[in-house]
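Each chain gets a letter, A, B, C and D, in the order it is written, and its residues are counted from 1.
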Amino acid sequence: MAIARVRAEVASLHAELVRYGLVVWTGGNVSGRVPGADLFVIKPSGVSYDDLAPENMILCDLDGDVVAGTPGSDRSPSSDTAAHAYVYRNMPEVGGVVHTHSTYAVAWAARGEEIPCVITAMADEFGGPIPVGPFAIIGDDSIGRGIVETLSGHRSRAVLMQNHGPFTIGSSAKDAVKAAVMVEDVARTVHLARAAGELIPIPQDAIDKLYDRYQNVYGQTTDDRR
Amino acid sequence: MAIARVRAEVASLHAELVRYGLVVWTGGNVSGRVPGADLFVIKPSGVSYDDLAPENMILCDLDGDVVAGTPGSDRSPSSDTAAHAYVYRNMPEVGGVVHTHSTYAVAWAARGEEIPCVITAMADEFGGPIPVGPFAIIGDDSIGRGIVETLSGHRSRAVLMQNHGPFTIGSSAKDAVKAAVMVEDVARTVHLARAAGELIPIPQDAIDKLYDRYQNVYGQTTDDRR
Amino acid sequence: MAIARVRAEVASLHAELVRYGLVVWTGGNVSGRVPGADLFVIKPSGVSYDDLAPENMILCDLDGDVVAGTPGSDRSPSSDTAAHAYVYRNMPEVGGVVHTHSTYAVAWAARGEEIPCVITAMADEFGGPIPVGPFAIIGDDSIGRGIVETLSGHRSRAVLMQNHGPFTIGSSAKDAVKAAVMVEDVARTVHLARAAGELIPIPQDAIDKLYDRYQNVYGQTTDDRR
Amino acid sequence: MAIARVRAEVASLHAELVRYGLVVWTGGNVSGRVPGADLFVIKPSGVSYDDLAPENMILCDLDGDVVAGTPGSDRSPSSDTAAHAYVYRNMPEVGGVVHTHSTYAVAWAARGEEIPCVITAMADEFGGPIPVGPFAIIGDDSIGRGIVETLSGHRSRAVLMQNHGPFTIGSSAKDAVKAAVMVEDVARTVHLARAAGELIPIPQDAIDKLYDRYQNVYGQTTDDRR
């Protein structure tokens, strides 16, 4: 059944955040849309990564409200649930959302500075620079709105919310996790590259060719294409 | 029984210091107050993290003296025991104390520089900057006094003792360990952010709102709230 | 049989890329020439490092075409296969090729800057600076040509392709993996050294002596010499 | 028997070099003196850390010659054996020697710059700055002589050989490994501290007090004192 599959996928994908060092303690969260339903599955709030299992993932509707009577519904969902819900409501093509406080991505966010596209892996994956979203704090729709306004019509699946950190989107939860892993990787690499001297820009037409090829040729199947 | 529970908790929490890379060799120590008694449990001195078990944790009174005839009392407690004891004597609300030499936090301490609050995760967790405590060396009460004087009335649960390193406090040993993990995380992130350009400050009223929400809403229960 | 042995070697060597933190997600690839045949074995495209086994490695001819009817031939080979094939066609002494996006090596590549030889381990292993190759993008022979033109007649077994990342060659796949590990190690060390002040050059005759000794004396056998 | 004990100790201590990230591939080596004999045990050359066992450690005399007919004597000892032997011949109080190419320590060595003593953990462990030794290359006694001349009469158990890397000594192999772990830790911390602003010096009398206390009070027994 679709919900069970998404619960299992979302639970296990949190291990990738740990594996790539994107999160400490209980920070960071992954969610996945339930295909064919106005529902998504997200991590509970403030629970250790060692204790995440499919049955304590939380099922929410697209207003971010917990679906009563379902497994895990006695717990609070991630405190970022409203932002995830806003994205699912307003970007129907999005199947997964990830938020972390990964070190280098947050460092760019603390300066409100977009990451320039100077490495080919970044052209492949993001098709250009990683944009910065507005400063917004928890409590209303402002984080979700900032994500959607920044990423709508943008090639990048990652946005650096100012003073806060990266949110990534994808066709699936796994695809959004990949974007979270890659945004930290490019944030770190470009930080280090620039610290030691002047960067060589990549011509725009080369960026375009790399992005086009990677979206359409790389990997074994559509699922792996990103 | 309360003492056995604190022994087990303090022993196992040392693994979190290793997991998050906050300690090398035998450096670093965690202690926890025994609820309802003028006692606390602390790590033995100079013992490998691989060899820490509940029964070789050491029970001390609030003067920092080992309680004779209890398990582990044939060994010396951590050389920082006097500082932990001073904190427990003078801050009754503190249930746990942690000390590490985690890399980035020590780097700020070697410059005697407080960490400015420029990321929302830091506003959540610490409610403002991480303060610096005085230069003090082992041998009398000066480290403990420096910790207490710096943190009394301060939102931060972490202090960077000058040229030395971070001490953190919490409502429990686990809460103090979380503060030790988070202080290194923010020390690293803000170090990197500032190395590459100018930081954007967070307005004080936004810091206040974030801190208030995190202390009162986040997590599943009071224990997880921090 | 030689092919089976190379499949097993190439599959298991990918674990070294993970162990030394040279790759994230499905990035990076190792290939090995089949001794005595115009064939090489390479990783499939876009497949997780957890799922790499000898039977899903892909056998290619020296034009980079998959050998039909062999294990794994239903999948696409690494998107860098054409570059590997070009190297095997044009450098008969090469037995293995590795490509990664390892962080510090890519950082030098994003500035198009060669790594100066200021540490003895680098003189041992590479006999001088690590050179930079041209900017080239996937789609024709230009990456392979850039690697071959840069490394032909050069002591270094590693080249930093501009804005892209390191490619390494070796007498075997293992030797090329060693070069990939070492190039990241020296890229990181020299980056950090230079960030803090002026580097002391090593006299050319000392570099020559170190390189000569290491190629001829170090290790137990010819295989380990590098 | 003493030799068997030293073989086991030296073999297992190499795992600490891996655990603390001080070595890549087959780089780095630990040796230990056999108590009461003019012998020491050292790692074989160019052998993977996964394959180190007591029986393939190599027994040498104090000229650095392999003792024929003993386990492992069919292999070559570490290419740094002559330097270890020189130290054992000339510093009878030394029970263990370690050499690594750990990243931050090598970075200081590539600038020929001593590490200033600005953190209390460094005062505890090394009693002052970490000195730099001369540029010397393999082939004669010059590395060993450089180590001995730099460390004789110095509090520090670590020397940064210029353009090369750290060598550490200790009362036992374990004590020298601890010094290797700690020298990288302080090299990293002081590098980062200084990168962000001016360091606060520690007064000499405080350094003296810290060093004296740590050598005489810390730990459970003489063995743990360091």
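Please note the rule applied: contacts are C-beta pairs under 8 Å (C-beta built on N, C-alpha and C of every residue); 3 or more make two chains touch, one makes a residue touch a chain.
If you're wondering where the values come from, they're calculated on a predicted model, not measured in any experiment.
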Same or different interface residues for chain A and chain C, judged by whether over half of the residue numbers are used by both? different
Cα superposition of chain A on its sequence copy chain B - rotation in ° rounded to nearest 5: 90
Per the C-alpha means, the centres of chain A and chain C lie apart by a whole-Å value of 31
Between chain B and chain C, the Cα-mean centres are separated in Å by 44
Quick check: what residues of chain C touch more than one other chain, meaning two or more? 195
So that we know how the chains sit together, what is the shape of their touch graph: line, ring, star, complete or other? ring
Listed in rising order, the residues of chain B that touch chain D in the complex are 24-27, 44-47, 75-76, 79, 101, 103-104, 106-113, 135, 137-139, 162-165, 191, 194-195
In the complex with chain C, residue positions of chain A that touch it: 20, 118-121, 178, 181-182, 185, 188-190, 192-193, 195-200, 202, 206, 209-210, 213, 217-220, 224-225
